[in-house]
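There are two complexes below, and they share subunit A, which is joined by subunit B in the first and by subunit C in the second.
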Partner chain A sequence: MVTGMPDDIDVTVMLFASLKEAAGTDRLQIRVPAATPVGAVWAHLPEPIRSTAPPTALRYALNDRWIAPGTPMSGGDRVALILPVSGG
Partner chain B sequence: MALVSLRHDPLRVDELIAATAGPDHGGIAVFIGTTRRDADRTEVVALEYEAYEELALAELEAVAAEAEALGARVAISHRLGRVAVGEASIAIVAAAAHRPAAFAACRLAIDEAKRRAPIWKRTVHADGTAVWRDGVSAPVS
Partner chain C sequence: MSRTYQDLLAHARTEIPEIQAAELAGRIAAGDAPLVVDVREQGEWDEGHVPGAVLVPRGFLESRIAGVARPDQEVVLMCAGGNRSLLAGLTLREMGFTNISSLHGGFTRWKQSGNHVQVPRTLTAGQRARYSRHVLIPEVGEEGQLKLLDSKVLLIGAGGLGSPTAYYLAAAGVGTIGLVDDDVVDSSNLQRQIIHTTDRVGMLKGESAKVAIQALNPDVAVNVHATRVNRENVLDLISGYDLIVDGADNFPTRYLLADASLMTRTPLVHASILRFEGHASVFMPYEGPCYRCLFPEPPPPDLAPSCGEAGVLGVLCGVMGNIQANEAIKVLLGIGDTLSGRLLVYDALGMTFTELKVRRDPHCPACGPDAKLEFRDYEAWCAGVGRHAATVGAHS
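The block that comes next holds the complex of A and B.
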């Protein structure tokens, strides 16, 4: 069993479009210190993604709502990384 | 409540019209976005759409509500998955008492849906290559 620090939390990262393709999955489970801001998720993505700079236009959603990158996460949260959209 | 949907099968504009039109409406504006055979590099044969469905539906509902505030009844339907050249990827219907409100609501709805809804497309080319339009692999437009 893998154990982390007592205040570590597990969160789900949702990936779409080329991020999903690069990661080879649309969902990642990561363990981070409690209250880690959503904007810090990029550093927990698999290689080679995390070695590149996050796109400047990257936005975030937390549990299906738009959120600022400084918002702290709680255990069980779902964080979505939203690249520039191209629907329509 | 505005009528908003994401669907994996062909869009049904007749259903959107039936759901929005009423006896007090004197005009219905319809916008249909279709896959264009763009050939900047190699010919495009299809677009493939995917969505963050929960947030896309919420965002499209917010867009439709803003469009309805202009005095129209509005429906938005976006297709997901593969959309071949000539097929519809998005349909917007705005029914209103008079055409200015119908056109204005339809225009607002398509512009804001494209700008805000977390939906992405990738272009599938005749040579078998495919490119996501998400600002990373390629520009969004």
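The block that comes next holds the complex of A and C.
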């Protein structure tokens, strides 16, 4: 790394279903250090969500592709947080 | 100078060589069959035809021949008695066909000589009218419609999703529809469960749906399974069906169906709904991702309210149920690109469709190479997973 600090990046977080309702929005912009893993997005969600542990069922899609939570993000990325719904 | 029908035929006979039934049969048997073009009408063809022949009614000969034969190709024309095919030969001669002949004595002589006759399975006249808009679509056609009539689809749930799915599959002529539901129609269902009616409140949902389906389409056989699907009965229920439509209203049933779909290698068409949001996908066992490649574990109960707790927009059921019917028909016919490998997320409030691409998970606990697939206690599992200290209320 040439510079001491990595550059910050802006990413868009998309929320659905119960997470959307708990956050009061379906989309938010966050600024995080470059290469932050998608799983770290949780800590940037509004209260009361972020003070809880992310549910083990939570899944992530990065730029519309299902990915593992350890995948690093780049500027302009779009992260979707998905929980299954059960109604029928 | 006017010429009679007999004049035209006599002229055609001098121009177009004739082939005898025995010679044609011999060449077919020897694997040296020329292209046989049958210029009779659909109704004549339906009663039987020469094996391997193609139907181009004489009225469509000029417009359709290019789709079945090249001008330098050997073509044997045939009709019922051998006259229409001679006249058709003159037409093809005019169009530049150089290697044509006419079957002497036509189909009548062919049959009388004891040659093999192929009788195609066809739609009845009533079915041809009922499904005419399907038959007109090249991807469906008469063959596809017959396939749908032969298809057997098991619907889990005759509720919000099951109602529109069952209704459209029945209208489409899916020949056998199984309905698994142990519930009875309640007045609070009618805002979205459109296959039921006010005067059938209190009736078993399967029976109520059967009444609606039979009124819509008597071609459809309806099997009512007035039971809750569980570990003990799921494999028996699925047996004999080509495809499962998951319209369940709870996670234990959804995970049970996901496992059973893999065990029986039966495609599973998924949709789930809540409030304004719907998910849909198609799970093709061991070909595409399965439900547990997407969601290895159910969410904690506080993040997974039911429609009974949190509500659901009635129309959302129609949108998602019809997506299921659409995908079911595509899987049955083997056409198009299904939602296999994709999770479609529909937001009715924002009117957005988000498509998320999903691959098979090589470590999938259900369909991965190291998976030990066996039924579990789904109720206990779904009640006990992933709880965390503070509640994220979906409907607080």
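FYI, the second predicted complex is superposed on the first by the 79 of 88 C-alpha atoms of A that agree within 3 Å, B and C clash if a C-alpha of one lies under 4 Å from a C-alpha of the other, contacts with A are read in each partner's own complex, and residues count from 1 in each chain.
Convention: contacts are C-beta pairs under 8 Å (C-beta built on N, C-alpha and C of every residue); 3 or more make two chains touch, one makes a residue touch a chain.
Only a predicted model underlies this, so the values are computations on that prediction, with no experimental measurement involved.
Legend: residue contacts after superposition of the two complexes on their common chain; A:Ser51 is shown touching subunit C, with no touch to subunit B. Judged by the touch definition given at the top, the superposed model places A:Gly24 against neither subunit B nor subunit C.
When the two complexes are superposed, the chain touching more residues of subunit A, out of subunit B and subunit C, is C.
In the superposition on chain A, the residues of subunit A contacting both subunit B and subunit C are 14, 16-21, 55, 57, 61, 64-66, 80, 82-88. Put simply, subunit C touches subunit A in their complex at residues 157, 159-162, 246-251, 254, 271-275, 277-279, 294-300, 303-307, 310, 312, 343, 345, 347, 350, 354-359, 385-386, 388-395.
Taken together, the subunit B residues at the contact with subunit A in this complex read 33, 49-52, 54-56, 58, 78, 89-90, 110, 113-122, 132-137, 140-141.
Listed in rising order, the residues of subunit A touching subunit B in the complex are 14, 16-21, 55, 57, 61, 64-66, 80, 82-88.
Residues of subunit A that touch subunit C in their complex: 14, 16-22, 26, 48-49, 51-53, 55-59, 61, 64-66, 80, 82-88.
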